[in-house]
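Two complexes, one shared chain (subunit A), two partners (subunit B, subunit C).
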Partner chain A sequence: MKQTFFQQLRSHFKHGLSAELAEPQRWVGSFLFALTILFLFAFALGDLEEKMKVQVLTAEFFLCSFFVLQITHLRIFAAEEEDKAVDIIQSYPTVMSTYYIAKVLLAILFSALIIFPFLGLMILLHGFPALTGKFALIAALSVVSLSALGVLLSWMTQKAFGRELLFPLLYFPLAVPVLLSAVQASFCLWGLAPEAMFLKWLSLLSGLCVIYFTLGFLLFDEITGWE
Partner chain B sequence: MNLTKKDKKAFFLGAGVFAALVLVWTSAAWLVPAEAFQGEVYRILYIHVPSASCAFLCASLLFGFSIASLVKKSPQAQFGLWARASAEIGLFFTVLTLATGSLWGKPTWGTWWTWDARLTTTFVLALLYGAYLLLESSMPAGILRQKVCAVMGVLIFADVPIIYKSVTWWRTLHQPPTLNFAGSVPMDGPILRTLIFSLVLCVASCLWFVWQRSANLRLRLLFEDQSFRQWRGV
Partner chain C sequence: MIENPMLKVDQLSFSFQHKQLFESLSFELKPGDILHLKGPNGCGKSTLLSILAGLRKPSSGQVRIKSSAANSIEARSFIEYLPPEKSGLFLKMTARQNLSFWSSLKDRQSATGEIDRCLRNWGLGSAFIKYFPTQRFSTGMKRRLALARISLSQSPCFLLDEPLNGLDEEGVHLFKNMLEQHRNNGGSAIVVSHESQILKTLFTDQLTLHL
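Up next, the complex of A and B:
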């Protein structure tokens, strides 16, 4: 019996989740990276004036998010690759877009498990003024955009030579507009940029989120099943 | 060396376009008057603006060929070759835009480079073209490579509106677009006419480059295929 779209999505998500939880060392690397950033910036902040401190903390948060997501994306298909499970999945009458969405959800879940506690520590240790709904929205949109993009690129580079080098080269230039709009929107919140511009930056960020997710959803089917 | 009729036509067409371009640039350097505020340095505009337009044009071509690659269900290597040629020529014109902008920036802004929004986003476009070419050359030939590169071509195009609008969205050093569809162009007649001529000829040379480069790539593919067949003894 053929499964519905949501049943397929649930199966892929559950399978991916159990594969990730079976080997926690997969995401410990991202966690240690976030801790390193936190320690490094804690020392660097020193006697910075308040305005500068907020700017540096904003950069710290998005820098951490960018690299945590990059590490997550690089190995998002690793479990299936090791077990040759992708070939089995492709042989089923499954809509590959459900596989893509499941992987995006997993990337969001596992990076959020690191990024949001990291944000909590930044608020506790440095008084980062991020306890607002608007900042949560900016952070969420950035994570979704980068995940939608990262999962697509990760699949695209699966069969490429020198994948570990190639992935950041593709990911970085496409992630730059997301990071710039997220940083600018945050600056509008902290009063470091005109407040009237907040909606414009948020619109750009939302636009990129929609574009990357829609392109990933529509194009993922095209780049699977051609080997 | 035996040139076919088509080769001769391509050669004379290219030679004609380049001769006209050299003529326009020569007149831009000697005959068109200097600009009232910037003096002689403004003349770099006759290379900078057309090359920036060609960089955008190549992104549009890349997008078009990528979409065609994805829509055509049968393996059509042809579109892949056109797309690769567009990316190569796009990279050339983007680097030319950055270099001429930098040459103009030193006497005008007092610096070779600044992390201005327009400069940064154009630099990102150069990186994207480079990334496309790296991706294409690091995958084994076949339909998968064609599809993956087509997806990358579509993603690159998403960056173009951001670069174009960066001067209005961000507060930047770079001036807003001078040539626009609104009708008011703050330029003298001779300057504007020369700029439009160089723009049209630069676009023609860009299209010629893409055409010739894709023909060159097709030839290479043919040679590789034939040498592989000889090696296999087919």
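Up next, the complex of A and C:
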């Protein structure tokens, strides 16, 4: 009897979770990076007027999220790469898109474990007015979009020479529309941009989320078929 | 009665960077066949095995595993592949976690008892070995664990690239027993090995690739 799609997804997710937990330094390192950003930006805020402060805090949040996600994605296949377990996975009767979804879910989970406590600290320490459902939605859509994109690009560049250079080169231009729409939608919430534009920026963000996830889901099987 | 081949290679060719590694290669593997794949370094043995495992695309020709194309999900459920040099382990995880994951992907959901028995059979049954990350293992112990994965799978066709790498005398003996049992159960295998003398009694046929 063959495993169903969801059974395979569960196997990959459960195993991936154990692999991530076996290497806590991978996400502890990212969390320390987030704390450093928080510390450094505390100096930048100084005596800024409220409007400017919110703009800087918004930039701080998305800048931190972008780099935390980039680090997470670059290492998302590290456990499999170490001893060529990735070759065995590809020789097993598994639908590779289940592997992709499991990795996206893990990227979302571990990024959220860093980004949301970081956001909490920003609210507590700097009074960032982000305690709204709408901002949570913007943050969640950004994390999902960037994770869907990052996992796909990480896999595509996995065997490339100069991967550390190639990955950000591909990731950055495709991540810009996500960051731009997330920042603009947030500005609409803080009254720094016309409120009427909020839905338009949110639609763009949601569209990018659907496009990147669908692309990853459909392409992952194709690009893993043959070496 | 004519037995259906477990694996059928038809007019297979592969070239890499303008170098023809092999050309128009055809052979069959029937249940109970253990094929010794040999040849000098760089002649394409490992490449051939990775093509059979569905990891590489041949330049031309085709590979069928029980009538399915080599890179199809159906074909992959019949084979078990051991790569050369590396053992395909998750190094930060324990031997138990490794075997549990691989068996779940083959829908075998092996019980802990079965996994422990398999680890014991391969001399990896002590508590230290079971609960410690495999990165602390020696090369030979990693190879034993990789072979334990293969024996646990009960797949009918093994594709083994230098399975004896790093194995001590006891490990070689355990491997020979595993392969013999596999053959007696009607399983087949292709083994790339330079240690032909040690395994010669098990091989039913041989294929030599040339530079």
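Before moving on, here are some points about what is shown:
Please note the rule applied: the second predicted complex is superposed on the first by the 227 of 227 C-alpha atoms of A that agree within 3 Å, B and C clash if a C-alpha of one lies under 4 Å from a C-alpha of the other, contacts with A are read in each partner's own complex, and residues count from 1 in each chain.
Heads up, the rule we're going with is that contacts are C-beta pairs under 8 Å (C-beta built on N, C-alpha and C of every residue); 3 or more make two chains touch, one makes a residue touch a chain.
For clarity, every value in this text was computed on a predicted model and none was experimentally measured.
Using the contact criterion defined above for the overlaid structures, shared-chain residue A:A22 touches subunit C, although it does not reach subunit B. Of the two partner chains placed around the shared chain by superposition, subunit B is the only one that A:K200 touches, whereas subunit C remains out of contact.
With both structures placed on the common chain, the touch criterion links A:L32 to neither subunit B nor subunit C. In the superposed model, A:L63 lies in contact with neither subunit B nor subunit C. In the superposition on chain A, A:E80 makes contact with subunit C only, while subunit B stays out of contact range.
When both complexes are overlaid on chain A, the residue A:L170 reaches subunit B alone and has no touch with subunit C. Within the superposed three-chain model, A:T157 lies in touch with subunit B and out of touch with subunit C [touch as defined at top].
Taken together, the two complexes place residues 226-227 of subunit A in contact with subunit B and also with subunit C. Subunit B meets subunit A in the complex at residues 70, 117, 120-121, 124-125, 127-128, 130-131, 134-135, 138-140, 142-144, 147-148, 150-152, 154-155, 158-159, 162, 169-170. By the touch rule above, subunit A contacts subunit B in their complex via residues 149, 152, 156-157, 159-162, 166, 169-170, 172-174, 176-177, 180, 184, 200, 204, 208, 211-212, 215, 219, 222-223, 226-227. Interface residues of subunit C, counted against subunit A in their complex, comprise 50, 53-57, 71, 73-74, 76-77, 79-81, 83, 85-93, 97, 101-102, 104-107, 133, 142, 149. Within the complex, the subunit A residues that touch subunit C are 1-3, 7-8, 11, 15, 18-19, 22-23, 79-80, 82-85, 87-95, 225-227.
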